[in-house]
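These notes concern the structure reproduced below.
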Amino acid sequence: MTDERIKQVSALRRAMIRPELGATTGTLLVFLFFLLIAGDSGMFSPEGIRNWTVVSAQFAIIAVGACLLMIAGEFDLSVGSMIGFAGVVIAILSVQMGWPVWAAILAAFAICLALGWVNGMLVIKTGLPSFIVTLAFLYILRGLTIWLSILTTRQTIIGGVKDVAQNDWLAFLFGGVVLKDLFAWFADIGLIEKFVAGTRAGQPVVEGVPMLVIWALLLVAFGHVLLTRTKFGNWIFAAGGDAQAARYVGVPVARVKVTMFMFTAFCACVFATCQVIEFGSAAADRGLLKEFEAIICVVIGGALLTGGYGSVIGAALGAIIFGVVQQGLFFSGAESSLFRVFLGTILILAVILNTYIRRMITGER
Amino acid sequence: MRKTLTAIAAAVFAVAGFAAPASAEGEKFVLVSHAPDSDSWWNTIKNAIAVAGDQMKVSVEYRNPPTGDLADMARIVEQAAASRPDGIIVTIADYDVLSGPITEAVARGIPVITINSGTVEQSKKLGALTHVGQPEYDAGFGAGERLGAAGAKKFLCVNHYITNPASVERCQGFAAALGVELGNQMIDAGQDPAEIQNKVSAFLQSNPDTNAILALGPTSAHPTLAALEQSGKAGSMMFGTFDLSGEIAAGIKAGKIDFAIDQQPYLQGYLPVVFLTNLARYGVMPSNPVNSGPGFVTKDNIELVEKLAGQYR
Amino acid sequence: MSAPLIELKNIQKHFGPVIALAGVSFEVKAGECHCLLGDNGAGKSTFIKTMSGVHKPSSGEILIDGKPVTFDSPRDAMGAGIATVYQDLAMIPLMSVTRNFWMGREPEKRFGPFKFIDFDKANKVTLEEMASMGIHLRGAEQAVGTLSGGERQTVAIARAVYFGAKVLILDEPTSALGVRQTSNVLATIDKVRKRGIGVVFITHNVRHAMAVGDRFTVLNRGKTLGTALRGEIKPEELQDLMAGGKELAELEGSLGGTI
């Protein structure tokens, strides 16, 4: 009973009906472009690579959460504020109140998960758009962050985390650097340069892979498998695709959405913890606008703003595009304020492309 | 589809092509600030590096974290180091956050000069060649001494950039000079002019015994002045501000603002470029840090300053 | 024929002062297609929502296999073997046929401590079940959005049947379809009936009802106007009953019998 008029599906068309397609092509183009115009600028030297890798990994960490949440049909605009809040919580507990750093980190995760739960429950129970509910939390959390840090330290930046975090096992998991031996060997055989001055003279300029990058890889892999291979992943698609239809067949839509809000909060807390441990301080303005950057990565990665469709791999590629372009424009010597023009342009193009792909899938004209 | 991608590529080329700086014959330096895009004060420094770049025949790029997020700034410093410039000029907006990237740049053998925020001690610890700036706490303290001598007792510190630790230090210095606790006399004003004006009005209404105001820069000083004019207190209220602008200069002339603390930002942009160029070419560098401020601009010396306010002063 | 699978006796449903159902009785036997006809606003929707556990009746009895039951939720009704295919809430267009088919009841296989969806099995069963309804898909991974309206209905029907529906309620499955798609859906209904499942076919199209129906019940203003067996009633009579008779008969006369 298939209709012969739609039977002819070209390979190209089938390849296009994949959420990652735009992002994959975009990633290749972006790399090609910067190899051509900034190939000799240090962008593809080991430190240059580390630079945009770390930035991309940061985007990827929050993009994974935002991606799954968006596919489940919701937004979280409080991600950026939660990053600032979690950081200040860790710093206050560890530096000001003398908790062991691992306990401070665990407490921050517990608080973030609870906040994610509150976000989710408010959205589910009130039936209000998540846009509004989480927008409220964007302000609430940012305000609390500034208030808490002023209250405890009379400053909006709390330093000293580096000192208390030394030799802390959990802090290493977020701020450490792995594969040091490998990179030392790279330096010995001349793949990586060594420092020429200061206390670190003789060490490789890139000492290893930051745990931040490992976290990004793990979260992307976890998110991808969860979404595409598991029952819960199917429910995420279903909850965002059509919550009512999903409920009719027994999918616990409320539970799925609340869990995704909590996962997004978890990702924000990973981001915050890595940042606090790496820089040794928390500040009230950390994470500004990160919620939008996460959403932009996800949309560039092919997810639909309306939910029900998207890809974690796509979002990760979106994060790479975002990170590489942001850092690459600098290496190419472009005026940095034009980065936003470029970003806006990419965003519009990505959304147009996504809408087009959606029409192809659903057969709308 | 193909069209879309072509459009993307075209956009990229357009952006990069349009923006490529005129390549000077000489060295390449990068100045990394902590200021968000919305901060107009940094225009003076941008103008200063343009002038210095032209005079020295070098190229100087200005970089900043768009939202003022210092963690982003740390990445920009790393990035600047990776692009192997002949020198980096950087603000020490926060020692903890920036010590890693800055010491790495130094260890790579890149000459670094710190400017604006941060202390001379921090600059030395980071391995920077020198520091050009104004000590924030001391500047706030100096302002407090002036107004305290004039009878200031209860004050308002209008902080439009509360997330920057240096801004809080200014208010604290001011409070310390008056011999009072800062407490709730500092308000988080935000960046929006209308919002700042309303917050200041509200504060003055609920704290009628306030007799002095300190604004931390043009962003907070302009709306504060508007609030004072609205309530008829302009001229009677003691009012000092950090930094200069056209409007602030006019306010000083009209007697509505007592003084502006001038840290002479032009020098913070200009001198490091000159220092670094001479270091690269002839290996010379002054041995002492440079205090570019504080200088107080009052009714007495305003004529001189006014003409150039906002651009070079 | 055997005893009814489900029997509803004198169902009343009031929403505040509004009487939506004023005593409706209805039954379905195994292997029959019982058509429920009625014009818009006759109470069809309220009635099937009562049957599928969405609404609780204000009064009246529901019997399954002769035993009285109460449904607190759609889940209870599903548990009792009553599956409902709603007109537009059945499928998620952006998801694949397999994902839709198994939604909420995904088959899993273990892999160490983890459980993943068994896509091999899921795809295979989906294709088989669709084929048994007469639809041969290119692949089970294609999005439901690429299917025609009739095919989508069939996926929903096949899903309900596969998961053990004893009674299948179809809410206006043909109302938005073209001629050919409609005949395909009607053929599917016939296949389902032959498997011994009781079908409740809601429609306001008499010709569609006559094509597959074994029994016909007409609802009007919240009441049953009577039930007739196939062969006992003519299409024109059904049409008259549905519309409340007179006016339509007159209109029909003026249009030359084309309605």
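Going by the order they are written in, the chains are A, B and C; count residues from 1 in each one.
What we mean here is this: a contact is a pair of C-beta atoms (placed from the backbone, for glycine too) under 8 Å apart; a residue touches a chain by one contact, two chains touch by 3 or more.
Bear in mind the structure is a predicted one, so any value in this text is a computation, not a measurement.
A.B. asks: Just to check the components: without chain A, which chains are still in contact with one another, directly or through others?
C.D. replies: Take away chain A: B | C.
A.B. asks: Quick one: point me to the chain whose Cα centre is farthest from that of chain A.
C.D. replies: Most distant chain from chain A: C.
A.B. asks: What is the distance in Å between the mean C-alpha positions of chain A and chain C?
C.D. replies: About 45 Å separates the centre of chain A from that of chain C.
A.B. asks: Between chain A and chain B, what distance separates the C-alpha centroids? Give it in angstrom.
C.D. replies: Each chain reduced to its C-alpha mean, chain A and chain B end up 31 Å apart.
A.B. asks: Taking the mean of the C-alpha atoms as each chain's centre, how many Å separate chain B from chain C?
C.D. replies: So the centre of chain B lies 71 Å away from the centre of chain C.
A.B. asks: Which residues of chain A touch chain B in the complex?
C.D. replies: 16, 25-26, 29-30, 33, 37, 41-43, 45, 47-48, 50-51, 54-55, 146, 150, 154-157, 159-162, 195-201, 205, 275, 278-281, 283-289, 325, 327, 329-342, 345-346, 349, 352-353, 356
A.B. asks: Show which residues of chain C lie in contact with chain A when the two form their complex.
C.D. replies: Against chain A, chain C makes touches at 74-75, 78, 84, 86, 89-95, 99, 102-106, 108, 114-117, 134-138, 143, 145-146, 148, 150-151, 154, 184.
A.B. asks: Over in the complex, which chain B residues touch chain A? Could you list them?
C.D. replies: 1, 4-5, 7-9, 11-13, 15-16, 18-21, 37, 61-64, 66-71, 74-76, 78-84, 94-97, 99-100, 103-104, 106-109, 127, 162-165, 168, 172, 182, 188
A.B. asks: What does chain A use to touch chain C in their complex?
C.D. replies: 1-3, 6-7, 9, 17, 225, 229-231, 233-235, 237-238, 241-242, 244-246, 248-251, 304, 308-309, 358, 361-364
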